[in-house]
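Each of the two complexes below includes chain A, the first together with chain B, the second together with chain C.
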Partner chain A sequence: MLEIDNLSHVYGGGSPNEHHAIDGLNLSVAAGELLCIVGPSGCGKSTLLRSIAGLITPTGGEIRVEGDVVRQTPDNLAVVFQDYSRSLFPWMSVADNVALPLRRKNMDKRRRREAAQEALESVGLQDAGRKYPFQLSGGMQQRVAIARALAYRPTLMLMDEPFGSVDAQTREDLEDLVLKVRGHHQMTIVLITHDIDESVYVGDRVVVLSKAPAHVVGDLKVELPAPRDQISTREHPDFVHLRAEVGRLVRGHATV
Partner chain B sequence: MAVQGDRREVPHVAHHVGVSAQTLSRARPASTTTRWSRRAAGALAFAALIELTSRTGLADPEFLPPATEIVGRAVTLPADPAFAGHALTSLLAWAMGLGIAAAIAVPLGLLLGSVPIIDAAMRSVVEFLRPIPSVALIPLVALVIGTGLQLRVTLVVYASLWPILYNTMYGLRGVDPLAKESLRSYGFGPLAVLLRVSLPSSAPFITTGVRLAAGVALILTVSTEIVAGRGEGIGVFIFFAGISVPARMIDIMAGVFWVGLFGVVVNALLVAAERRAFRWHHAQLGERP
Partner chain C sequence: MRRSGARTARRREVGTTMRLRGVRTAAFRWVVLLVLVLVWEAVTRLAGSTFFPPPSAIVLRMHTMWFSGPIGTLFLTDAAVENILPSLGRMAAGFAGGALAGVVIGLAVGLSASAYDYLDGVLQFLRAIPPPALVTVFLVLFGFGLRMQLAFIMFSIVWPVLLNTADGARSVEPLHLQTCQSFRLSRAELLLRVVVPSTLPKMFAGLRLALSLSLIVMVFSELLPGTTNGIGFQITDAYSTFDLPGIWAGIVLLGVLGYVLNELFLVVERRMLGWHHTAQQLAAP
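Let's turn to the complex of A and B:
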């Protein structure tokens, strides 16, 4: 589904401030997998995500999505950013926000509207379509951003610290929402987070990155009983063991 | 007059300048009714001052007629077909000039604001043209194209371009890169991003530019008419009231009254339209820490 070969990216190459964000990163993600990428803050996680999305062109290496080398934004890809208040369009109603990307899909207006409503229902916001983003809470705005991605029916959904800006309770709800929607939609999800517990709770697999320049320092399979549950999963001995393992890998490579 | 500061423009500018205006917008006086009654009180007090100055003989009533007489004369003017003709001609020049200016400045601003190479190439031309006072161009333009409607419209267009052009470019500079990336990540190209993200996101700034330009356009309409001194227009009406012997001061004042009132009303309507259309923008400003 997604292959990353020897990826590297340098910001401001040649200048005195040149910054090696990623160096020699290899990664392969299978179709239908929910992969969490963890790493210390500032390690180049977002650079990796933007490279996969074709928003920036990496200075070295190659990324392939469904076999095609990424040169611009791949088709059937959706991104959910951390900062929902900036990634939603404040001048549009919630329904219009969700429906807008569907213009790329050759759908007429009525079908776009139906698809948007359906996506809003799947994130529990069936009554919010006519509202504007600023009239919703932060957690609800992020649900809208997720609905926008779902409506697009992506085969690959990238999430960049999607729950980094909401409170703890909302965060748990949104984690469960992601687990729920992946069951209904056939898609591969790559979720970037700096929260170790979250990566183990949500992921089928957790990849740990080193501090910048980022490369893979750990790759763990998460085999926890399904369905996952905020209370029982988190007290499961395997969960406790895995989060300790991931924590050691993250910490071992973080600057203290 | 029309260009005068409304406190609600402050956040538009401060949005980019810094945080300081945030406190200003929070401290906005309570209700619309209070605000309007304060304004009305201010206008009445000013009228009373003119009235007193004139009636007491502090100023020669020949030169400063009492406010009640000015307003009395102003009220009768529209019934005078000659004055109505003057007013309509001015209105036409104003509206055409402002419309053409917006039709040029918004696309030009989008172009300059989104293509850095063209911006760099045009910069020196723009910087040279902008400081030229439009009124200084009246004799030149009059020689080339005559003194009719085309003179007024040309100068109104020239003067009104700048606020719209600059606000468009300014608005574009403030567009959130993440908003653009969000649309790009769904595979939309640069033109779609410009029209679907950058343009609506800058719309509040562009509209403020149009509102400022509406005031500039009014100034240019009337001053071009006065300088040209012939044909029709409120400026022509004022000009002839001024050169007649003895000068008809009451007509000058009544003409000025209408120009001022028009400016105030247009400004208020545009402010109200901005508030309605850009609720999301104001909500966003209020939320920013």
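Let's turn to the complex of A and C:
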């Protein structure tokens, strides 16, 4: 589904303050997988995600999505950004926000509206379509952003610290929402986070990045009983063991 | 959910208190206006100067001169039809042409980083020139008459619209652009649904400046020789016959026009930018 070969990216190459964000990163994600990428802050996670999305062109290496080398944003890819308040369009109603990306999918107005409503229902916001984003709480706004991605029916959904700006309770709700919607939609999800517990709780697999320049220092399979539950999963011995292991990997490379 | 409930409640509360405060200030505003007019009336009557007729005399003059016509023409007299309407027509045409040019060129300049960098200095220079200084250039180019007046109004008002629009188009939220890019919206969709709406607040700031400026330069263009009608012409005409109430009538009419046009503009702006104002109110602590 997604292969990353020897990826590297340098900001401001040649200048005195050039910054190596990624160096020699290899990664492969299977179709249908929910992969969490964790790493210390500032390690180049967002650079990696923006490279996969074709929003920036990496200075070295290659990214392939469904076999095609990424040169611009691949088809059927959706991104959920951390900053929902700057990613949603404040001049459009919630329904229009969700329906906007469908404009290039050859759907007429009625079908776009139906698809938007369906996506809003799947994130529990069936009554919010006519409101404006700023009339909703932060958690609900991020739900709208997720609904917008779902309505687009991506095969690959990228999430960049999607729950980084909401409170703890909302964060848990949104984690469970992601687990729920992945069951209904056949898609691969790559979720970037700096929260170790979150990566183990949500992921099928956790990849740990080193501090910048980022490369893979750990790749762990998460085999926890399904369905996952905020209370019982987090007290499961495997969960405790895995989060400790991920924590060691992240820390080990954050302080070197 | 509780959070959003509190939010709605707060918004409702903010709404009612603001409305109450709005009614009170509006009432107060009329009282202040009334008092000022009464003071003006008293002082001019006491002074008895020919140069400063009392407001009652000015209003009377405005009535007989412009608003005592037959009902068929909405009470407008021939003088009103001959002077007020051409002025409004010039202003409307000049404003429309200048605003359209400003928006289109502003978007084009704002969307191209290099165009903006190259042209910024030139545009600031052109904007800084006081329009009346250019009148002779326009006379040479177009001669006296309507064509010159329209070109002059358009040229004078295009800069605030153009520069504000370019500024707005340049400062579109980068994450909005990345969102559009990641959903692979076409350039036309991007322009129409995202760039233009995010430019609107600044565009409207420019348009509002242009509106008041268009009234000023419209009158100025009518003070020039070669004009045979218009409010500006009426004022110079009254001056040549030393008709002071006539001069004052023109001045008051222009003030009222400027006020009414600005209020109309604000109504349109509130409709178009409702999302912007509400979002800003909620963002404020």
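Rule of thumb we're sticking to: the second predicted complex is superposed on the first by the 255 of 256 C-alpha atoms of A that agree within 3 Å, B and C clash if a C-alpha of one lies under 4 Å from a C-alpha of the other, contacts with A are read in each partner's own complex, and residues count from 1 in each chain.
The rule is short, and it goes like this: a residue touches a chain if its C-beta (ideal position, glycine included) is under 8 Å from a C-beta of that chain, and two chains touch if they have at least 3 such contacts.
Quick caveat: nothing in here was measured; it's all calculated off a predicted structure.
Bringing the complexes onto one copy of chain A puts chain B in a clash with chain C. In the superposition on chain A, A:73 contacts both chain B and chain C.
Of the two partner chains placed by the overlay, chain B and chain C both lie in contact with A:53.
After overlaying the two complexes on the shared chain, residue contacts for A:86 are found with chain B and with chain C alike.
By the touch criterion defined above, A:26 lies against neither chain B nor chain C after alignment on the C-alpha atoms of chain A.
By the touch criterion defined above, A:232 reaches neither chain B nor chain C. By the touch criterion defined above, A:6 lies against neither chain B nor chain C after alignment on the C-alpha atoms of chain A.
Contacts of A:186 after superposition: neither chain B nor chain C is touched. Chain A residues in contact with chain B (one complex) as well as with chain C (other complex) are 50, 53, 55, 72-73, 75, 77-79, 81, 83, 86-87, 89-92, 100-101, 104, 132, 134-135, 152.
Those residues of chain B lying in contact with chain A across their complex are 176, 178-179, 181-188, 196-197, 200-201, 203, 278-281, 283-284, 287.
On the chain A side of its complex with chain C, the touching residues are 50, 53-55, 72-73, 75, 77-79, 81, 83, 86-87, 89-92, 100-101, 103-104, 132, 134-137, 139-140, 152. Chain A meets chain B in the complex at residues 50, 53, 55, 72-75, 77-79, 81, 83, 85-92, 100-101, 104, 132-135, 152. By the touch criterion stated above, chain C contacts chain A in their complex at residues 3-4, 7-8, 11, 173, 175-176, 178-179, 181-186, 189, 193-194, 197-198, 200, 275-276, 278-279, 282-283.
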